[in-house]
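Chain lettering (A, B and C) follows the sequence in which the chains are written, and residue indices restart at 1 in each chain.
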């Protein structure tokens, strides 16, 4: 067995978990708000949300550096007021991961909310339910299969994020070395055994996640789709 | 008891409706697109008229230039077309959804009675997709009445049922009305059904009342 | 019988035809040379391209830039390539050991030095590598030492000066020399170590100090013709051009030595 440093695994899980949490909360909120409404510029806004999905990772990474770099718009402000630096920290990896996985969460959530029968929410309203109660007793549980798919996709995307992360978080062994970075630099330096090890880990993770979601949704689909 | 005056610009015509009713069964009849459901939705607070007045007993639901009362504060029972039961909740959870926490105890007896009258006690732990069409209709009715509404709105309540079940349900509706003594507004496009159920029938076309009929043998309560 | 003869004729003819096209290459047919070159050579080689193609009619150059380690791995795994221009002797040695290059053709065509750079508007004052002030630097951008040659030379240098260990926490490892440069140009790293040729090309960095050649293995750029190349002759012509006076002058223009 290889002498292995497992810190990339811990870091990757930490980064993906935290970014998925934010992406889920914010993505669900924004998607619920936008899906229910029609307003001027809605499709432009939605295109903007989905943009990170089609941009090359290095472009996203460069954009993030412009925003969060030491001399960036937000970065310089954070540094000045809170003495807080994002670039070259694991927080940078979280931010990169949030930006690239947000479109997946938003897309899934918006589709889930749009397919809901508005009459169910209305029925709840006539029975005295507040908007908040309508959301957490009716909308959220019924949209859950779609939301879960978005959640898992976001997590998997966060786990695999490389390009933008490398630019914003840099590669600092022990601090910002996620699994994809470990793989990249292992391949680059010809450490094929190490690379294979991490590739197996990440494939196992991604595969079992998708397998589990498919199994789960097949098992529960009846309860959620039939009336 | 219920005063309705609605003016609203719709896609193809302007709706202008006015009627008053007591604790009777009012049936709205008309071709599809004549504005029947819009009237129910306006009373329930799911859509709002451009102008007019909707008052139930002492509560003003809608008055031109005032902020409309939100749907959740109107105490309306609404049986939707196809019932709109919550698919992820058991029949029991569906029925209790609209009962306020503080009213749980007081409502217990009433709901047990309601379940008996409708004959659905044995369905409590089933999910909506596990019960038949007629049973769904009864669950929807129980759910609408469980929150002790001051008005009951029914949108095509029987249209999804076969002939036999439909007859049975009509009788049930009449029986429930005897018990509850609140205004029932029923929307249908079936004339026979309207005549069987209604104390009063209002005929609608293009958002206007074209005719009104009253059953002679019944005495209006207002 | 007639039919049979006809079939035999067809077979013979097609065999001849295939044979012809495989062996007798027309001399004026255009050759596309694939050059795998270290990323640090990008600008110099792009400038060489025009004059070379003008001088050698019928040869077209296509560059594939990347880190030397990655290019070596690619060639080893069968990626098509005619000439390998490496920024590291180590990668070229391993290619030679594996018999992937034409040993005869191998030669050094350029050399380089390490420089310490800082963002243009930086207030940091460091006169030489020995004076690197640990307290003044939050992040020092260097190449990843295991895979990027500039990183290996940097590591050797800093080890010689006993600075490698103390700097561990502050090192940001770039995946290639351009990335190290970007980190410094945008002011995210306080300083960085790159080749003098890279610093030479950037308007957004200041060169603070140059390394002493004794601190690290010589930074030389070996080039060679790839053994599997189908255009051995043209590949050799290109390598000769790079080491000619005209080639050397262009390289010098971009900060190489």
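Side notes on the structure shown:
Operating definition for what follows: a contact is a pair of C-beta atoms (placed from the backbone, for glycine too) under 8 Å apart; a residue touches a chain by one contact, two chains touch by 3 or more.
Note that the structure is a prediction, hence the values are computed from the model and not measured.
Geometrically, the chain at the heart of the complex, using CA-atom means, is A.
Centroid distances built from C-alpha atoms place B farthest away from subunit A.
Centroids of subunit A and subunit C (each the mean of its C-alpha atoms) stand 37 Å apart. Taking each chain's centre as the mean of its C-alpha atoms, subunit B lies 79 Å from subunit C.
Work out the mean CA point of subunit A and of subunit B, and you get 45 Å between them. Looking at subunit A, one finds that none of its residues touch two or more other chains.
In subunit C, there is no position where the chain touches two or more neighbouring chains simultaneously.
Against subunit B, in their complex, subunit A makes its touches with residues 117, 119-120, 122-130, 137-138, 141-142, 222-227.
Residue ranges on subunit A touching subunit C, taken from their complex, read 65, 69-71, 85, 87-88, 166-167, 170-173, 184-185, 187-191. Taken together, the subunit C residues at the contact with subunit A in this complex read 67, 69-70, 73, 138-139, 141, 144, 146-148, 171-175, 179, 182-183, 186-189.
Of all residues in subunit B, those touching subunit A in their complex are 44-46, 70-78, 80, 82, 84-88, 97-98, 100, 127-129, 143, 147.
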